[in-house]
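Notes to accompany the following structure.
Chains: A, B, C and D, in written order; residue numbering restarts at 1 for each.
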């Protein structure tokens, strides 16, 4: 009979233990939800600086308006109002490569370089710029994650704020340094100037805040869960689902497929 | 062409607005993730007391060990490691009536009574007890949500702590008062003594903290998302999925169904 | 150590057994997918007549054009093209009470009456009409599932065809008889004339074909899976997701919530 | 205002059109569910031979006993019995790279070679063997999809049956020819003998039957939907979810994570 090891939680008749602490006595009212989420994912309690960056990044990722995922969640609630969990799940299932993936992709892209470096705390901007040039050159021909935004073409307003928060919190590290350097030098390499986007800086900041890059998509999804709940709360009161359905269905045009042989 | 109204977010080339505030300037680094989640769901910024209760309740609901939902999420990651969003969604889909529903059911049960009351701030415990007796009597023959726990038979350790936090935060109100009164008087009515469970007190506390009862399941799901990410982080490093699969598959016994006619 | 009983499948080094039959020797190429789906759900091999009705009903339910579920599946694929299973799951999650629930609701509504009857094979239409009048009168004030259609106001073209198929196949039974009688007598009781819709007749026909009413939603979802795959195949070649997104996002209007206190 | 083109379905007050045909008059009772599923995915009506192979492959993929996905679906139903669609969706979400992906991976692997060939109908086995040697050599160092099985080490019983069905149906083509040749020559190249597995032959057969390789995972998921409904039907009558939960939770052992710094 196998044992099932876990470092998360256990309970007995009188107590509940979470992460090795007494839930009722040590954690309730003493840690924020953000702090617990960090701790559960890493098994390390965040430093105050790490927590400050983590909460700021979650706030930055929580909502982006009527994204495809928010629309899908609202349509699912309209169609199946008896299952709030189904509507949330439908919204999260859009959290893949195209939209929510940028945070993860940027973190992984930077981390693949950063993990090869030694101590970098004394590096100058010029040295980071050299590394960024080499990194971009090695990626020639592929899209650089975290660069570019369909709307904020002059600069994503989240980016400098998150970098400032990380600096003030004392957790700005090699991922953000390399990301900023990419922001400085990419016009020389790519021949055009693109903004460092907010999803990308989120990935860099989370990595510097000590979160494992293989879970970055998970944190984007956690943040987005709060946003989806906001959309579903609004959908319950002031639905758009019926209008979206009517608009798409009412403007459907039948096109016999050219490849149809029948 | 319809318009799609929303009070959540908008953006233009230079700014992102969330809940009527400038995301970068007014929110990042200034509100916690818990605060934003409350605000998104209600369109009201929580008072410090409401936020303190909300964060504590989210912490109390984040994990319950190897629940069926945590096991389902881990098995899904094992089977489809390429889609973290699918594993999280699978875990949330178990957030229905049997497990995560208690929070919502308790909140709704209490709220159906509370919304018929006028001003109750001067009520004595004796008056709440009378109301609890009438409420329980009216529910005769049905299970009372929030009462009873399969493990914590002598009392759920979360319950008094959450009530204390709500009292200290100044948000203890009629839902928690009625819930406590049910805890005091139910032995007279039901003929046996059951603990007030942590999922139930969570529902009562969230309702007193100003959150709409029709969304209580959503907050339980938000909290559980953090727990599921913790389980998936652990599954990536120290998986139990293969053992669960081997154990169930290896101990399968074929039983020809008695109703089979073939 | 528990055993896990199942009547579905087992395998050993040389063979795979499914439903007590050798998969490779007895089933492959000898049963249709529809037949296997019926058999898996009921543990009974369908008669040819039951199978004919089951396949026809699945065909009738497979697609309904740009439903909210089809749109949600397409938006999810657009947002997360790396996970076809997530897009299918998102589509199915809309299979709840409002849209796909009619089949189940109608089957359950009829079955609650039918299971109280004895032998009905000799009943006249007049006797069914009397029962239908009593059934509708007992349901006064609630919506009758299976009655009415937003588009096919003069009659749903699927309804008579499915009833004919069931009659020819020899499986027309009390659920369809009662459903037809409701179609005949409801104007007297309700004061207006509504069509018997295709989702409702599907529920009645599946029940007469021997399928358990508690699983009717499942068969609607199985049918819809084929429809969703069709929509996703089309989305891969000729996507509408980007246009839906652009249309909704581009026509978003910010409305400060009246209840906002901030 | 955009138009939303589709070649699937349209309807008006009197009729429903599906794939350019009148649903009620031309399709109900005249095409099997399998035939409609093929047609929806490809916009081509299958030949009788293509349909025979398609139905046989769906039957072969419908169930594999207590897979992680079946267990996840059952646990989700146990936890949220109010949402059958959620339990089905949870089961499908495990249809990713590790388990259900083999069908797709094998089809894609073979198709990448096959699409570079011209006319092959006159090719001898020896010529296919040469191509298989070259293909395997080019893939040196990577796992060959469709080769090997954890249980059926002497040969998967489904494989020869599906190949025979394809041959008899007249649709055996280059994907199955190359797959068989890989079965013959791989011991020379890999230095060990592995069975051609049933998931792999399914991918090859579907490709030869005219189905697009980018959708093969979708057909595996359609087939599995029927299997999951069978598992959920069984779970409703004879549940294993509670035992799985009790077994895992009861054998949990707390292990303080070595990386924990707190």
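Heads up, the rule we're going with is that contacts are C-beta pairs under 8 Å (C-beta built on N, C-alpha and C of every residue); 3 or more make two chains touch, one makes a residue touch a chain.
These numbers were taken from a predicted model, which means no experiment stands behind them.
J.: Between 0 and 180 degrees, and as a multiple of 5, what angle does the rotation take that fits chain B onto chain D by Cα atoms?
T.: With C-alpha atoms aligned, the rotation comes to 180 degrees.
J.: Shared numbers divided by all numbers used: is that above or below half for chain A and chain B, i.e. same or different?
T.: same
J.: For chain B versus chain D, what separation do you get between their C-alpha means, in angstrom?
T.: Spacing between the chain centres: roughly 38 Å.
J.: Report, in whole Å, the distance between the mean C-alpha point of chain A and the mean C-alpha point of chain B.
T.: About 24 Å, centre to centre.
J.: Can you work out the whole-Å distance between the CA centroids of chain B and chain C?
T.: Distance between chain centres, rounded to whole Å: 32 Å.
J.: Enumerate the residues of chain A that touch no fewer than two other chains.
T.: Where chain A meets two or more other chains at a single residue, that happens at 1-2, 4-7, 10, 42-43, 65-66, 80, 82-83, 85-86, 89-90, 93-96, 100, 240, 244, 247-248, 252.
J.: In their shared complex, at which residues does chain D touch chain A?
T.: Contacts found on chain D: 1-7, 10, 17, 19-20, 39, 43-45, 80, 82-83, 85-86, 89, 93, 248, 251-257, 259-262.
J.: Residues of chain D touching chain B in their complex?
T.: So the residues of chain D touching chain B come out as 1, 65-69, 71-72, 75-76, 78-83, 86-87, 89-90, 93-101, 240-241, 244-245, 247-249, 252.
J.: What does chain A use to touch chain B in their complex?
T.: 1-2, 4-16, 18, 22-25, 27-29, 31-34, 36-37, 40-43, 52, 55-56, 58-60, 62-66, 83-86, 88-90, 92-96, 100, 151-154, 157-158, 160-162, 165, 198, 212, 214-215, 217-219, 221-223, 225-227, 229-234, 236, 238, 240, 243-244, 246-247
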